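Here come two complexes built around subunit A, the first alongside subunit B, the second alongside subunit C.
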Partner chain A sequence: MRQLRVIKTLIKLRLSNLMVFRLSFFGAFLIDGSMFALQLVMFNTIYSQVDSIGGWSRGEVVIFIGTFSMINALNMLIYFFGINDLPQRILDGRLDHYLTKPGSPLLRLTFESVDIGSIPLVLGSIGIIAYGVSLAGITLTAGKVAAYIVMVLLMTLLWYDVELILRCIPFFVISAGGITQLEQFIELCFKVPGVLFKGVFKVLFYFVLPYGVMATVPTQLLAGTLTPGGLCYAVFIAALFTALALGLWRLGVKNYKSASS
Partner chain B sequence: MNVIQTEHLTKTYKRFEKEAGLKGSVRSLFNRKFISKTAVDDFSLSIGEGEFVGLIGPNGAGKTTLVKMLTGIIAPTSGKVSVLGYYPNKLENSFKRQYAVVMGQKSQLFPELSAADTFLLFKELYAIPDEEYRQNLAYFTELFGIQEYLNVQVRTLSLGERMKMELIAALLHNPKVLFLDEPTIGLDAIAQKQIRSFLREVNGQRGTTIILTSHYMEDIKSLCGRGVVINHGKKLYDGALTSLFDRYQTHKRITVLFEHENGLHLPEDIEILEQNPYKVSMMVKRERAKEVLGLLLEECDISDLTIEEDDIGSVVERIYAGGITDEEVS
Partner chain C sequence: MKKYLEILKISFKAQIIYRMDVLFQLLFGITKIIFASVVWGVIFGSRSEVAGFTLNTMLSYYIVSSFLSCMDLSDITGNEMTWRIRDGTFSKYMVVPARVFGYLGAQTAGKAAFYLTFNLIAAVVWVLLFQIKFAITSNALLIIGALLMAALGLVFMLQLNYFLGILTFKFQDVWMFMMIKNNIVQFVTGSLIPLALLPQPVIDAMRLLPFYYVTYLPSMLLIGRNGEELLSGIIIIAVWVAAFIPLNLFTYNHLRKRYEGVGI
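Up next, the complex of A and B:
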């Protein structure tokens, strides 16, 4: 309950902060909305030429794109701008004040910079998913929709875990300049359905950096092609990476060196 | 009762070392060199409830590292530390609710919002009851006389006003222990005086234990009954400040500006720091200050005169050079 009140206050403060700068407040909608439109144009251009990829119908591919956009939008809406700056905070000592305040410093960092400019992206993603569902001729039930929502949230948590793990590295090294560049490169693979990966790449993007699972599994769930094994694996990998991320964060805090002032 | 207790506390950092230039960078790519730096060395300290203790030392002496270990921000390399009965680096919420830390060079306020907005977040973080929050906010803002700045964007506040807000933010939850790391750094004389007066009130009226690090001798002298001198991570002195200053603050710095060009000749035993036809700056032994001032007033047309106490660095150097007995350190 206390944590929820802290989260509520953080979100209120963030909104106040955004409203201080009118350009930022309305600009966020404009920028994120434009990014979304660009993605739509790009994906439409690519996929208008193909009906099936790796056994996936056009409808499933469209659901995949919508799911990817949705997870990406939730990532930006909730936590990305909060934890993105973590490496710099570790290296320049700005984490000090977070550690000395009651409550979880990670919770505060996570919810401190929500980005309401991503809301149109969320709404747009829902539109794409609905379009994909109609294209694929999927019959929706309340149970299926609820399971899909839970899976999307679980995969958003998995993405958070991977981002957090990468951003905890500066706790243990002297410089972390290349981490976000590496991440941006790897995230490109997130835009490809996981079923397309074979051999070493399948191992890499399903087990080591599970970007291949994130948008693929919810899509399979909605399309009714997810096996019980695939479902268990998705839950397992999300739980495993959550435990890893939290463990690494705790270890990092113990290893935190701050910075001279 | 001791609220802070450390025994043989030590903190050693590994620091990355690299030769200058591209060659050095390439070499360090394959062969990383680290050097160890002991920032706090075998440090034992006890601080009782309600004390106002000054941590004195030059830059890099280990003061801030000690404060960071006491607040749990960093873990010690070895030794024991207990603050309010807790091991700080466990970062327990029940511990964090009982202390506060203000760092002069690291703000805890949201720069784009008003200080009142940050206070609301702190109210939630510390779970401060509504009535207590209202009372404390009214008490502290009145004490500083800054009610009219509560709703002003922090970024637009002066350094002095911001520091006052930082102190209020730190005290809203009635901490038992307050750590202050250079709270008056960069402030003008009036703001420094106001902050000193505020801290004196907080310590006297609320019984808050305060640990203060400062470069300004005046902060330490006017606020702290007890001083702990640190250099190279080691404790050089721990005791009453009056006897410390009597013994080691032996010089005054006198700076004089002349109305007209002046070829003043001073006695040879006076250390001249700077001299030109319109200005002279010198270090004079305290007992000779009156005599030298008399000489200056008699022989020169003075346009301005400044007399300053020894700075902390000089006092620490003198303590270091002169040595300290075991009794003084304990």
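Up next, the complex of A and C:
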């Protein structure tokens, strides 16, 4: 209950801050919205030439893009702007402010930069998913929708874990340069439905950096093509990466040498 | 001219310090090739041709276009201007005895020249790694024309980013427009998919825009296609470059008076 009060206060403070920069308020929505609109156009163009890609129909790919957009929107809405700057805070010692205050530093970092301007992106993603569902001719049930929502939240947690793991690296090395660049490089591969990956890419994007699982598994769940094995794997990988991220954070904080890091 | 050459040389040498940046730049290039090999590999598994492309010509297209788009470092210019105007350190560009566009252009050219060698090596490595029968034209006229068009395209992108950078004098917060522009440019230059896949009326409309000639048409020319568009392409992109010269001059001279040099 106390943690919820902390989160509520952090959101209130963030809202006051956002109102100062009104032009940037919907920045994340406009930037990511344009990215997903172009991804839709891109796959639509490819589907004008072919009937299916790796057994996925146009509708399934639209659901995939909508799901990817939804996970990204939740990432922007809740935690991205909070943990994005973590490497710099470690390097210049600003993390001290978080460690010396009462309460969980990770909780504060995660929720202190909530971006309300990303809410339209969530609504837009729902629109894309609904369009995909109608294209694919999927019959929705309350159970299926509930399971899909749970899976999207689980995959949002998985994305958070991967982001946190990458941003904990500067606890142990001198330079933080390139981590976000590396992430941008990896996330480009997130735009490809995971079912298309084969061989070494399958291992890389399903286990080492599980971006291939994140939007693919909820899409398969909604389309009714997810196997029990696939479902168990998604839950297992989310649990594993959550444990890894929290472990690495704790180890990193122990290793943190304040401004001299 | 000599002073800009010196700026170019310094910028070239300075890149040696940022070795990780070189690595990441090369990685950016490979993502598009991975995307192409994964998606198009699956599509071509069940058919031999899509919109006149075979798997080899499609992958060759992505390697060439990826190489050309990696050479376009002009967004650094726009970002540099934006942040320097915002934090009040743009004054250094106003006091040096060189035109701002020339200074930033020479800096970008120095970086691009440094990356040229690495990007070429990377392109060869990807051809070998993905075992692609690289389909490049042997027609010297097409190669020279494509390189000239690509060079004009890079100048245009520099002018465009410079123009957006100048707008910071007025709007202060243009990072959002820069990022949206980056998203759109990736698509309209044909870096994500070949524009030949789009409906014909859309392609016809795109021919009037400069972006068609930045990456897409030079890449197509280098893989031996669209040769009939060579001359008209060079003329159109040259007209765009020429049109942006007075536009940038006027906008800069008009808006720079708003700069206070104290940061925002």
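Basically, the second predicted complex is superposed on the first by the 228 of 261 C-alpha atoms of A that agree within 3 Å, B and C clash if a C-alpha of one lies under 4 Å from a C-alpha of the other, contacts with A are read in each partner's own complex, and residues count from 1 in each chain.
Just so we're on the same page, a contact is a pair of C-beta atoms (placed from the backbone, for glycine too) under 8 Å apart; a residue touches a chain by one contact, two chains touch by 3 or more.
None of the values given here were measured: they were computed from a predicted structure.
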Task = Applying the touch criterion given at the start, work out whether A:134 contacts subunit B, subunit C, both or neither, answering first, second, both or neither.
result = neither
Touched partner set for A:196, first subunit B, second subunit C, both or neither = second
Task = Identify the partner contact of A:53: answer first if only subunit B is touched, second if only subunit C is, both if each is, neither if none is.
result = second
Request  = Applying the touch criterion given at the start, work out whether A:5 contacts subunit B, subunit C, both or neither, answering first, second, both or neither.
outcome  = first
Task = For A:88, select first, second, both or neither according to whether it touches subunit B, subunit C, the two together, or no partner.
result = neither
Request  = Go through the superposed model and pick first if A:45 touches only subunit B, second if only subunit C, both, or neither.
outcome  = second
Overlap of subunit C and subunit B interfaces on subunit A (superposed complexes) = 21
Remark   = In the complex, the residues of subunit C that touch subunit A are 20-21, 23-24, 27-28, 31-32, 34-35, 38-39, 42-43, 47, 50-51, 171, 173, 175-176, 179-180, 183-184, 186-187, 192-193, 197-199
Task = In the complex, go through subunit A and note every residue touching subunit C.
result = 21, 23-24, 27, 30-31, 34-35, 38, 41-42, 45-46, 48-50, 53-54, 175, 177-178, 181-182, 184-185, 188-189, 191-192, 196-198, 201
Note = In the complex, subunit A touches subunit B at residues 2, 5-6, 9-10, 13, 16-17, 20-21, 93-94, 96-97, 99-103, 174, 253-258, 260-261
Task = Going by the contact rule at the top, pick out the subunit B residues touching subunit A in the complex.
result = 13, 16, 60, 64, 68, 71-75, 89, 91, 93, 96-97, 99-101, 103-106, 108, 110, 112-113, 117, 120-122, 124-127, 153, 181-182
